[in-house]
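Working notes, beginning with the structure itself.
We call the chains A, B, C and D, going by the order they appear; numbering starts again at 1 in every chain.
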Amino acid sequence: MKALGFIGLGNMGFPMARNLRDAGFEVVAFNRTRARAERFATEGGRAGERPGDAAATGFVVSMVADDRALEEVAHGADGILENLPSGGIHVSMSTVSPALSRRLSALHRERGTDYAAAPVFGRPDAAEARKLWICAAGPGRARARSVLEALGQGVFDFGEDAGAANVVKLSGNFLIAAAMEAMAEAFALCEKNGVSREAAADLFASTFFSCPIYRNYGAAIAAERYSPAGFRLALGAKDLGLVLAAARESAVPMPAASLVHDRLLASAGRGRSDLDWAGLALSVSEEAGLRK
Amino acid sequence: MKALGFIGLGNMGFPMARNLRDAGFEVVAFNRTRARAERFATEGGRAGERPGDAAATGFVVSMVADDRALEEVAHGADGILENLPSGGIHVSMSTVSPALSRRLSALHRERGTDYAAAPVFGRPDAAEARKLWICAAGPGRARARSVLEALGQGVFDFGEDAGAANVVKLSGNFLIAAAMEAMAEAFALCEKNGVSREAAADLFASTFFSCPIYRNYGAAIAAERYSPAGFRLALGAKDLGLVLAAARESAVPMPAASLVHDRLLASAGRGRSDLDWAGLALSVSEEAGLRK
Amino acid sequence: MKALGFIGLGNMGFPMARNLRDAGFEVVAFNRTRARAERFATEGGRAGERPGDAAATGFVVSMVADDRALEEVAHGADGILENLPSGGIHVSMSTVSPALSRRLSALHRERGTDYAAAPVFGRPDAAEARKLWICAAGPGRARARSVLEALGQGVFDFGEDAGAANVVKLSGNFLIAAAMEAMAEAFALCEKNGVSREAAADLFASTFFSCPIYRNYGAAIAAERYSPAGFRLALGAKDLGLVLAAARESAVPMPAASLVHDRLLASAGRGRSDLDWAGLALSVSEEAGLRK
Amino acid sequence: MKALGFIGLGNMGFPMARNLRDAGFEVVAFNRTRARAERFATEGGRAGERPGDAAATGFVVSMVADDRALEEVAHGADGILENLPSGGIHVSMSTVSPALSRRLSALHRERGTDYAAAPVFGRPDAAEARKLWICAAGPGRARARSVLEALGQGVFDFGEDAGAANVVKLSGNFLIAAAMEAMAEAFALCEKNGVSREAAADLFASTFFSCPIYRNYGAAIAAERYSPAGFRLALGAKDLGLVLAAARESAVPMPAASLVHDRLLASAGRGRSDLDWAGLALSVSEEAGLRK
């Protein structure tokens, strides 16, 4: 049985690690708060003491919260870079900045190890059902492919530059947030004109917007049902912050991204960080005088 | 053979009138520039001299460019209101303001005639193929149903208030414009980071945005192909203007709608009124320094 | 003593009418709610029964709330147009749309009477102190000048097109709102970084922004003191609506105007219509998590 | 004669260094491109070989382009931190991020040296005329005061946190950019309605906006005169980028700042980096169809 390290057993990482175990890997998992790693051990995995234990397997996957968390597990004496054997690979599946992905890719190259960025689209239920969509890029993406296929329903290849996968992932999250903002505004206009939010959502989702984002988020925003959170609003605000940072570095004005970033930040400022990010629509309804 | 009037033989109206003729109606058509009405007559229809000739059939459908055009055919001695027989009906399929729709609905009620608003989603090719999606509302919508079904693939009922159908139609056009703006920004960010616009568009359109708007407009914006126009940018600007007018009357702040309205207006200011409205993406590429 | 009509004894109009009486005019005043006209009569003026009574003097000034109110006093058997003697003049000082101003100007020309638009900058205390700044335009502006000079500290001439004065007035209100929004954002950023709002406001107002708007609104926004209202937020929202309507008719994209209009509308939606319009800053503070 | 180091002899730094020399200091200057340092030496100053030469005086002032440039002169064997004698002070007058200012402040504290942030408002002509406005903060601000007074017409104290001065400076630049955007939009609306841009600018600048920003930038934007650049548009875009980075770190939604940042970035994308930053108004005129 082939060994494989997995770092980050959060809402996404835990079911992903389990799927890898089910696919026949001996999974050595590390998690910052140890309890979850121990729980994983009771389910047939192994708990590592530090990120380096996962990296020592030679093939380590990471799925952590943000740039800072990824930097913490990558660097230092206990970190991935220090403990990954020559010829090993780090597959970074977190939603992080393209800039960090590029820096890590360069560091791995210097050390004779491989790196691939492979951020995913999908919520925890999709992670569990192996229904994730995965954007892969970076020098190690070909080697990573079979592992990625055990985690999702499709892998898209974006080439040698690891940062490219992160750019596409962030672009996707921006598209989703923009669609939610637009629906929130449209449904508020409808409601104020005596049109049922649900009826409007149904029309769009069953015709020219007949796709998961409009169907699922449309139903949530029509019903104003934002908890439990599939994806926390605070994380959405973080991701749009990454979009804008990438936009600034790339000198791309993105006014719609600015708008939804401000909306998410404002929603967090109003105490809604733990709602689902579709909860950005609450401010829209309030501003229209529809809710208090 | 039942007679039916049709006003407005533009890119949308002409194939719609033809479909009604094919469905067995004797269609009396009026068009402001007479040549098109005469062409329609050579194809088996009849050409009226004035809007009232179409209205005199007792069942008149209108499909004209904007509020002003609809007011012109509705009012005056030669207009619909004056010439529609008692018990007759006017089915207004143009994209106009909810306010105008409500005024016309009230005028018809006063005169003992019926009114239904039935704006459509779809471009000329959809009109030709009877693939329009139709939003129906107003007192006469039930009577209009069979005729509407001869024109589209689905009719959605939004109740007694005629303006409701127009609000939903305008909301849909706003959602489309917002999606295009977001794609334009996302693809510019991708391109500047070395990611192919087409590759990004494909990923989204084949996964969680697998619906016609993202598929079709996504491909156009990825390839930056904006002519010939399926829907002229100038008309899009007009429609977003109607969205904002309705938003103001309803006291609904719609910042994303403001943004895309300004984008469309700015694109018109740069001389792009005759491109397809997806051409709003050109400014985005220019502002990112990708095109001159 | 020369007779002069005055229509609209609100917070602005009342002190203006009083100043005209003090300047030696016999003022015939009309107000929709009669009580204020009667109070004016006790102070040495005369109360008219209908707008036409004020117009019958041959020189009528109007200062009413909005387009609708101006249309009400202008039209009808009791209105200005019907009762103004040939050769008379209507000086319209309300903040209304350029479009309405132009329509009224044309109607007066047809009837052989004169029209001038003369909207003002300044709050009720400035009206009382004859410190208003006045934008004058339209065919009758030269005849109106001496009366206007009795009401303000400066009269600016914008030519024959009456609408021009209204465009400038609306532009000014937009500039003020934009400055307030910017200060609200800047002070929130300062406060969150441990900088006193007052200290920041003082710096700007005493150096390169040393002018009334930054000094007065800056102090109010720094102290978050929004009542009593010098200018009601609801009126500000109305005025920005007029700015955007004029922008749409003129095909001028105005994203900053859209932003502050949405901010004002959203503030009204949150129940703040009766605060001073500087109260738009409350949402900014809330969105930054500084207030609840 | 007291020695003093000065780093950065650009358009701002050169006249500032000269003023310090005129105030009686023996100025050791360092500039990345050596020619300007040599020119300074011919005018009675001394040219250093590396930043450390300026720092070795014990009192070093820096005025460089951006965060990166400041980091370059601060760090390394030839840098300020390494060569400033114990008890010395670094007065950083560049427009940089609060975050960098705070990091440098902490590093100086660790080494037993002092740090003050003292960014300035004013263009090169103001620098030459000792008319700068200076925001001072950080542990060393009291010691720096007399030197700062030799450079400007006023010094404002923002306390112990060095970053505070940078936040205020960035806030000021944002306020200026927002005022310029608003004027650009207002003047475009005026022009399209037949009102002279200059007449509108004059009214505002001579009444409630009678302050340098509206007077000077108003005149430039009215006349559409954007070169030579007093402050390059590219630097303005950089500064607004710093505003938004600070906003993100502080969790303050700043939609007006986002708007002007996007406007500046877009203007740079259209090839206008070397115009004065008031040149952001060109896009506004183009989008209104007023210019090509």
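Simple rule for what comes next: contacts are C-beta pairs under 8 Å (C-beta built on N, C-alpha and C of every residue); 3 or more make two chains touch, one makes a residue touch a chain.
Since the structure is predicted, the reported quantities are computational estimates derived from the model, not experimental observations.
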item	value
Chain pair, C-D or A-D, that carries the greater number of C-beta contacts	C-D
Chain of greatest Cα-centre distance to chain D	B
Chain centre separation (chain C, chain D; CA means) in Å	38
Rounded Å distance between chain A and chain C, as computed from the means of their C-alpha atoms	51
Chain A and chain D, separation of their C-alpha mean positions in angstrom	38
Residue list for chain B, restricted to those that touch at least two other chains	251-255, 259, 262, 265-266, 268-269, 287-289
Touch list for chain A against partner chain D, complex	241, 244-245, 248, 251-255, 258-259, 261-263, 265-266, 268-269
Sites on chain C touched by chain A in the complex	255, 262, 265-266, 268-271, 286-290
Chain D contact footprint on chain C (complex, rising order)	98, 121, 133, 135, 154, 156, 158-159, 161, 163-164, 167-168, 170-172, 174-176, 178-179, 181-183, 185-190, 192-195, 199-200, 203-204, 207-214, 243, 246-247, 250-257, 259, 284, 287-289
